[in-house]
Structures are given as C-alpha cells and as structure tokens.
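Each of the next two complexes has chain A plus one more chain, namely chain B in the first and chain C in the second.
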Partner chain A sequence: MANLLWLQGGACSGNTMSFLNAEEPSACDLVTDFGINVLWHPSLGVELGDNVKKILLDCISGKIALDIFVFEGTVVTAPNGTGEWNRFAGRAMQDWVRELSKAATYVVAVGDCATWGGIPATAPNPSESRGMQFLKREKGGFLGDGFKSKSGLPVVNIPGCPAHPDWITQIVVAIATGRGADIAVDEFHRPKTFFQSFTQTGCTRNMHFAYKVSATEFGQRKGCLFYDLGCRGPMTHSPCNRILWNRQSSKTRAGMPCLGCTEPEFPFFDLAPGTVFKTQTVMGVPKDLPLGVDKKGYIALTGAAKNAAPAWAEQDLFVV
Partner chain B sequence: MSAVQTLDISPVGRVEGDLDVRVDITDGVVTNAWTSAELFRGFEIILRDKDPQAGLVVTPRACGICGASHLTCAAWALDTAWATEVPRNAILARNLGQIAESLQSQPRYFYGLYAIDMTNKKYRNSKFYEEACKRFAPFTGTSYELGVTISGKPVEIYALLGGQWPHSSYMVPGGVMCAPTLTDITRSRSILEYFKTTWLEPAWLGCSLERYEQIKTYDDFMAWLDESPAHANSDLGFYWRMGLDIGLDKYGGGVGKYISWGYLPHEDKYQKPTIDGRNAALIMKGGVYDGKTDTHVLMDQKYARENVMHAWYDEGDNDTHPFDRTTRAVSKNTPDFNGKYSWSTAVSHVDSGRLEAGPFARQMVAGGQHGEAWQHYDGLILDMYKKMGGPSLHLRQIARMHETIKLYRQAERCLAEFRLNDPWYIKPKERDGRGWGATEAIRGALCHWIEVKDGKIKNYQIIAPTTWNVGPRDGQNIRGPIEEALVGTPIADPTDPVEVGHVARSFDSCLVCTVHAHDGKTGKELARFRTA
Partner chain C sequence: MQNDQENALRNRIAKMMADGLQTQTEPFPETDREFGQLLAELRDLPAEDLKARLVVSGFVDKPYGPDQMRCQECMYYLVHRKWCDLPELAVPVEPDWWCRLWRI
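Entry: the complex of A and B
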C-alpha cells in the first residue's frame, strides 16, 4: 500500500495519456493488484474544489502519508517568479510543488516538462518554466541542486515526450514492492535501468546505419535516418527500441527520426530554421556524432562501411 | 428577492486540465456562470521565428490528448502554405492516425472522466444507482476497468504508423514518414477487430455494429432499446435509461448553435490541397448549424474571430482574425469577473456569433443536407434533438459515443484503401506563404494558421475546440458556450454541485490546449463538495 498523488503544472496531459496505455500493470492493476492508493489525479481524481485542496493540505501536514508525489508538466514561475500564470486550487502551482516535494517520500518527475522544461521552456520560455531539478542541462531547476526527498533520492527523472508508460509504472511498482533502494540514477537523475542504453539499441534500421545506407527522404522502408533526416538515435539515452511503444513499434522503426526527447536539450537547436528533420553537418560530417565517436574515427568507419556494404542494404528490406 | 449564492469551484477536475468555474445560484438554479482557464504556456510565442516545420514537433505537445489532431492541422497548414502534393496513401494514413486517437478517446473519456459521476451519492435513490456503482466506480468498476484498459488498444495502430502515441510527428508536408507493410496493415486490422469484439459490441452496444447501424431515427433507437435485454443492459442502453431517470436531458443545453470544420479529407480529392478547396474535399463535411432557424451553412476559416476583452491578453478589444493576432499576454493576471478572467480567448463566427464545438456539434452538422452529395450524412442525433425538445448534456454524451461506430467504419475503410506499393511521400519545395489546417479533434473543431516568411515562422495561431467552448465573455459581454450551458442547471446541494461537473465535463473540455484552471479568491466561496 502506497499513497500516490499526481499533479500537473505546465503540461499537455501527454504523460497521463501515455500512462493510461500501460498494460503490465495497467493503471487499474496498480490500484487493484499493487495497492497503490491514488489520492488524486487531475484526470482521474474523484474530488473537486475544496476537497482537492484538503487532500493536498493533509499531505503537506503529514496527516496523510505521501509516499509518491508524481509531477507532470513544468513548474511555471511566470510572471517574475510568482507562478501566478499557473494557479491551482487557489494558489500558484509552484507553491504546492515546493511543499508537497518536502512532504513526499519519493518525488517522481514524469516527462520532459517536469524533468528539464521540455517544449514550454523552449526559447523564449514565455512561461518562465523550469523542470523540477533541472532546466535543460543546468542543475538546480525549481527545487534546487541539493534537493532530496525523504527517501534520500533526488527527484527521480523519467524523461521523454512523453515518458513511456512502462518507465512510469515500473518505477511505481518498484517503490510499492519495496525496491526503491534499487533505483540507481545517472547524473541527470534518470533510472539507469532504462536510460543507460541508446535509442538506437534494437532499432531495426541498425544494419543500414552500420553500412552507411541513408534514408534520403521520408516514406522509405530502408535506410538509416541518422545521416540525412536528423535522427538522434545514436546519441540519445532511451530504451525506445527495447521496450516498444504501445507494444508495437518505435518512431525510428516506423520511419520517424528520433528527436532526442529523453535528453535535456530537447527540442534540439531550439527549433531554429533549418534544424527540424535535417541532419546538421560540417563538410558532410554530422555535427553530432554517435556518442563516444570522434570525427576521424567516424570518417574511417563510414568509409570502410560503405565499401563493405552488401547489395541487400540498398534494397527494400522491409518489403510490402 | 432571493439571495444569490456564489460558488467558486477550483479545480473542477477530470476535464483534462483544470477548470475553475464560478456560478451564481438563485433558488437552487444556476443563474450566471464564468469559466476560467488558468495556465499560460505561450505556444504561439514559442513558435515565432522558428523552423517552418517546428509546428509538427511543438503543436502535438500543446495537447497530449489530441496530439494527432494537432499534427494533422500542422501538416495540412504547411501543405497549403507550401502548395504540396500529398499522395493518397498519405491522406489515408493521416486519417487513420487521427481516427485511432479518437477511438482511444471514446472509452477513456466516457468511463475515465465522465461516467464516474453516475456514482455520486446524489443519485442513491435512483433505481439504477447500485448498478452504476458496480459498472462505473473509478479503477474497480467492471466497465471502468474494461473501458480504460481497452482505450490503450486503438493507438497501437497509431504506433504502427508513427512509432508511438502520444506525440509522434509522422505527418509531414507532402505526406507521411512511414511506409507500412502488409503485416502493419493486417495487425492494425486485428487490433480494430479486438476493440470491437472485446468492448464495442459486447459491452457498449450489446449488439453487432450492423444492427446498431440500422438506427436512423429517434424512434428506431427507442425500438432498439426495447428489442432485447442485451440492448437495454449494454453500457449505452444503461446510460441512456439512467440519464433520463436522473434528468440529464433537462439541462446543459448551451448556445444552440454549432460548428464543425469537417474532417477526413478524401484521398482522391485533396491531393493538391488549398485552403479554398478543403470544404468540398472532406468525407465528414463541415458547417454551422443554427438550432433556432434550423439551418445549415458551410464554414470557412475567414469567418473566425477571437476577442480578448475578457482574456488576459493585451491586444485591444476588437474581434480579430487569427492571422492578425499577436498573442501578447498581460503580466498581471488577477481574475476580475467584470473584466479579464481567463487565458482562453472568446471565439466567434463573424455572422453567427458564439458556437459550440464538439462531437455533438459534428452530429448536428452531419444531419444537414448541405455540402456535396457524396459526403457523409447522418440524421440520427439531429432527429433526437428535435424529438427531445433541444440540446441537453444527455444528448451531448449520446452524440459523442454515437460517433464511435462511424469512426470504426472509417478506420476499416482506410485500411482497405491503402496501396502498399504506391508512394507515401512527395518531397515538397519549401517556400514562404500563408497556410491553414483544420480538423475535428474528438472534442471538436481545431485549426492552425501559419504564416511563413523569410524561411521561418512569422505567426502561428491555434484555435482549439476548448477555446470555442470554454471561452469567457466576448466583446459584447455574451457568455461562452459552457458558461451558457451552465445557466439553468439545477443544483440540488450547493455543497456538492455535481451538476456543474456534469455540464463542464460533458463538453470534454481539454484545457491543456487552451490553458489551465484555478480559483480566483474573489467573492464568497462555499466549501466542501464531492462528486462521488
């Protein structure tokens, strides 16, 4: 039995919608099988008005034990640090976030907005949004660099736009089944169990990457999306091709370049003209190379790969 | 003179984003209402000066609930600005993606957000109450659990096209990024079948789709209801009977005028898309229906206006076309119910004024004889509207769920029409220009306006369904559709105004596109209410 409270700040509900796609366990299973007691949730909660306020206040005072505080969306601090551009239950949402985070045993940030600021924090960041403990790559975020919840962990960051339902539910199940101490996080507070490998790991277009066969346009069944179409799969930490989306696929499998949405810089290059779905290159070499590969090594590797490419690599591998 | 009680409800909850509602109650009936949206993220400001295709990445993130609909608008807006050619496969693939998202939303909204209120203690004396609790209780109700779980299935089709739902950007100007294979198509077909045989037929309808599709009029529906216990006891039959028993057909009507942009462009008729050519190319026609005069007319983007007199923007008090908006937020957003009290703008039609958007509006438009002869026509809900004496929140629900079956058939059609060896994408030439894209998100009329200049976005404007519905008073101080729908609502117990929740939720408001909600701390508050 663990009490869970879920609130949304500068959010689109995308993480909630993603969460509701979960299957093992489903959102209902979390309640019926794992004893998660959902104190309130903006889309699912039964109470309204003052009764919501009362739940929040009881969590803050300790009358209700707040085991897991899940936050979705940015912490809106506009205008001028007051947070008044996102009010909730009678006050600035940022004030609820500060007090509830202090009261909670575990604080979990779901989605890019809550982790790094995501789309709302894209320049010029009109809502002065911040992530819970980061703003893009900058440490501190809204709660400050030193923040630790009662469990001793900092805010557990489950990034992604949105976060995959499994990434959310498995962390909740880990906490509910007494495995909170096994949650190891990386320098950006992401659970390593999910975010140590790359988006490219398991991508069905990997062989095309290896032989430097490029998808030059959309709507092609063959070819790697990294060389021309701006795919960030080799530089992005996520298990999107290990733990498939909606149990079926991933963006890169379907032909969409990875946007790098689990990394703090998303959306990359602030969406400046010429950067969307186009690989940024210098003299034909991508500016951002697969992690750990230098320019010289890349050129040598791709030269060899091109020479070694078998005929099938240029064919429609995933034929109709 | 009766005393007026003022009730501030913050948050209303379960409306996708938080909504604050203020109502004045006189003798147990709502006599005035204000709806406040309380989150500002400034997506239009973020998009300024960005890559022309930035909208494909950013706007689905305006709303995680109807992101595919935003993506549809963003793609068609660029298509018209860039004068692209879109291959028929891509039109079908965009339509299918949007339908998949809509099929997801139907059970998720009905059980997850709306039907929970049937378990409110107010209805404990209804003969349907015990059964309602058994079916609709959150998390544990038999129908709730099935409905919320099944809602994750249709978007598996979206994932087969775009890799994931929510938030794929697989629709791009000139087509789509994917090129599905035979197994993607057969798998999608199987997912649809599962949705039908697990929930739609056995749980929701209690009959086959074919039997349900024979219902063309109010009388047909009543005959269907009486035809077998399976019909009467299906979730649809049960909800219909309980809704009437607890009087949901008696309030929540609203402005009585309706808009739909129309949706699902035909794969053979919109390959060289233009703003002007859109109406005639749609399978589901658009239009405006005026209940008072019983007339249907076509809708065009040029009639849309926004007014910010009561919204927290500093752009003058005149009605403005979205191409001329500047999105300048005021810095101090103190609620003033005589002045500015919402981040939502007041949207109107230049001739018809304030309009309700949503599935109910779509069905009212679908019942018109206007448009092209080959376009979709369905007179059922309009007939119900006339036989039942006008709109109500009951009918709004029925209309929403009625559409599920039609969407299911359209999904089947897309899958049947794909030609796997034909192109999915034709690379367009980027250029400057103005574009407009529209569709119907499940919760109503959605459109994007884009102006591209010097290779970057000069202006991007969005009018979401909730902007139509949840908007505040306009320049003539006329109430918005939800505000209007709240007026006349009976409140049995002002400490538990579940009826306000019913009305607000019946619009399936989605404030995350528009904004969010809060309590203004102005005026007296009555404390303590629950909806269950």
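Entry: the complex of A and C
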C-alpha cells in the first residue's frame, strides 16, 4: 500500500480533470488494484477543515507515512515571497509544500504549472509563481536546485497542459508497486520513458513533413502543420502520438498544431499577439528548426525533399 | 480540364512578366509579422485582380537574390501540379519563378 497526497496551488484543475479521466488504470483501479491510499485530494478527499489540516500535519510529523506527494499548480510566492496570496488549511500553501516535500518519499509535480510555472508564471507573473524545481528552463524553482526527496530522486516532473492521464497514473503505479527506482529522468526531471521521443514520433503527417507539404489551415486532411501553423512537434518531447489522447487521437492527427506544452518555456513568446499557431520566420526560414537541424542542413533537405515528393503527397489522404 | 485552365493561366502570367510587368519584389518580409501584413494586403485585393496580386506579391520569372530563391524550394509550391498553394495566391507557377512570400 502507498499513501498518496495531492494538493493544488495556482492551478486551473486541468490535471485533476485529466487524472480523473484515466482509463487504464482508472483512478478507482489505483485504489482497488494497486493499493494506493489517497490520503486527500481536492476533488476526491472527503475530509474538510481541521481534519484536512490534521492529515497534513501527521504527514509532516511522520505519523502518517507519506509515500507520494503530488503537487498540481504553481507555488504562489506573492506577495514578496510570503505566499500569502494562496492560503490553504490556515497557512500559506508554499509552507505546506516545503514541509510535505521534505517528508515525502517521492515528490511528483503534475502539469506545466507545477513543473515550470506554465501559464501563471508567464510575464508579468503577478502571483510570483514558480514551478516546484524549475522556473521555465531555469533550475532552482521553489524547492531549490539541490532538492531531492527521500527516494533520492528530484521532483519527478510530469509536464503537459494538462499532463496525459497515463503519464500520471503510470508513474504513480510504478512508485506504488515498488518500481520507483526504475524511473529515469532527463535533465528537466521528466521521466525518460515518456519524454525522450518527440510529439512528431507517430504523427500521421510525418510523410508530409518529409516531403515539405504544408497544411495551411486547421483541420486540413493533408499536409504538415510545421511550416505555417507553428506546430512544435519536431522540437517537443512528448509521446502524444504514441500514447493517444482518449485512446483515439492527438492534436496533430486532428489537424491542430502541437503547442509544445511539455517544454519548459511553454507558453512560447509569452503569448505575444501573432505568435500562436504561426510559424515564426526570419527571411522566410523558420526561427525554430527541428531539434538538431541547422539552417544550412534544413535548406539542403528542403531542396532534396521537394524534388523527391511523390504526387500523392499533394492530395487529401485522410478520410476522417 | 483543370490542367488546361491552369496551363492557360500559367502562360498568361508568364506573358505578363515577359512583357515587363513591374512588381514589388522589395522589401522582402523579414519577420513573420511583416509576412502577415503582406498576406493581409493580398486578402484585401479583389479576387479577380490577378495583376494587382502579382504586383503586391512581387512575382518575377527567374530565381531571386544571392541565394537564388525560387518556387521550386518554396513551402507553398506543389511540385506535381506546378501550383502555388498559398491560399492568398493560389495560382499556377513555374519552378524557376519567385515571389516575396517565399518561405522554406
């Protein structure tokens, strides 16, 4: 059995919604089949008021073994580092986060807000929001660079806006079944099993990417969304086209560009007008090229790809 | 049928350029913002005014600039149809032509 506590800071609850949509296993399966004991969760917890506070204090004192502490949302530190803008159970949420993180065997940050600050930390960031261990790409975050939970792992970051339910449940299950030591994380503390490949891996538009055929509008049944519509699939680490959403589809399959939500600097360009759903270019060449490709290589590749493009690449391919 | 019409239109555009049509090849839109402004300008033109669209987009019938940019490598060029697939233009082209909406 593993005790799990889930708290929310500066958040929209999107990751809770995503988690409650989990199917294999579902949130209920986690309890019945995998022995996860949800001590408290903002949507599932039955205790109120002082009873919640007591659970938290018992976790901190060690009276209750806190195996997994999940945090969703940013750590709000305004005003002036006090965190008073986000109070919970009688004190600043940031104080609970600091103490519970120290007490927990594993600390898991779920969603972009908890991992890198996400949308709340976008300039001008009035709530002085921070991620648990990062602020955008910058190390440190609220808990500091050197933080490690009792397990020896840093905060396990499961980014996404929201994170896919399977990314959350599989990490929780790994910990609950004693396989926490198998979790390998990348430089941004993301589990490698999910975040080593790109959104583009498994995208049905890959051939159009290769032959440089562009989709020019949302929902088009041909073409790649990189060239015009700002798809970040080639430089975003996520398994969205391997582990499908609702087990059916993904943004790019539906004709919607990937926004790069699993990367630390999301939302890109601080959401300045004209930067969303638009490929930014300099003299006609994309500003952000597929990871590891330079401008010269890109131009050479384009010439070759265009020359080799088969006729079918220009036709509508997808029927649904 | 579609091919005949497209060929006829391609020839017409070629002739306009061969006859010395002066188009606005400069300034090249350096940023996405400038590119967007040019597209907006094109959208405001009457759909049937082919000449105005060629002028605004800066059509030329040969590769352009030190990098010898041309339709052939442009994002919007459909190789088999010899067609510019940019919705604001949507005209038949030749691989060696160029316009300032070129994008790779």
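FYI, the second predicted complex is superposed on the first by the 318 of 320 C-alpha atoms of A that agree within 3 Å, B and C clash if a C-alpha of one lies under 4 Å from a C-alpha of the other, contacts with A are read in each partner's own complex, and residues count from 1 in each chain.
Heads up, the rule we're going with is that a contact is a pair of C-beta atoms (placed from the backbone, for glycine too) under 8 Å apart; a residue touches a chain by one contact, two chains touch by 3 or more.
In this text the structure is predicted, and so the values were computed from the model without any measurement.
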| item | value |
| --- | --- |
| Fit-or-clash call for chain B and chain C when the two complexes are aligned on chain A | fit |
| Contacts of A:177 with chain B and chain C, given as first, second, both or neither | neither |
| Which superposed partner A:61 touches (first chain B, second chain C, both, neither) | neither |
| Which superposed partner A:253 touches (first chain B, second chain C, both, neither) | first |
| Contacts of A:18 with chain B and chain C, given as first, second, both or neither | first |
| Partner contacting more residues of chain A (chain B vs chain C) | B |
| First, second, both or neither for A:120, with chain B first and chain C second | first |
| Chain B versus chain C as contact partner of A:274, first or second or both or neither | both |
| Which of chain B and chain C A:217 touches, first, second, both or neither | both |
| Distance in angstrom between the closest Cα atoms of chain C and chain B, superposition on A | 7 |
| Chain C-contacting residues of chain A that also contact chain B | 217, 274-275 |
| Interfacial residue positions of chain C with respect to chain A in the complex | 28-33, 35-36, 69, 72-73, 75-81, 85-87, 102-104 |
| Sites on chain B touched by chain A in the complex | 8-14, 16-18, 38-43, 45-46, 49-54, 56-58, 61-65, 67, 90, 108, 112-113, 116, 138-140, 144-145, 148-149, 151-152, 155-156, 158-170, 172, 174-179, 181-182, 187, 329, 331-333, 420-421, 423-425, 427, 455-456, 501, 510, 512-513, 516-519, 521, 525, 527-532 |
| List of chain A residues in touch with chain C within their complex | 212-214, 216-217, 227-228, 274-275, 278-287, 298-299, 302-303, 306-307, 309, 311, 314 |
| In the complex, chain A residues that touch chain B | 8-18, 20-23, 26-28, 31-32, 38, 42-52, 74, 76, 78-80, 84-90, 118-120, 122-127, 129, 161-162, 217-221, 240, 244-256, 259, 261, 267, 270-277, 318-320 |
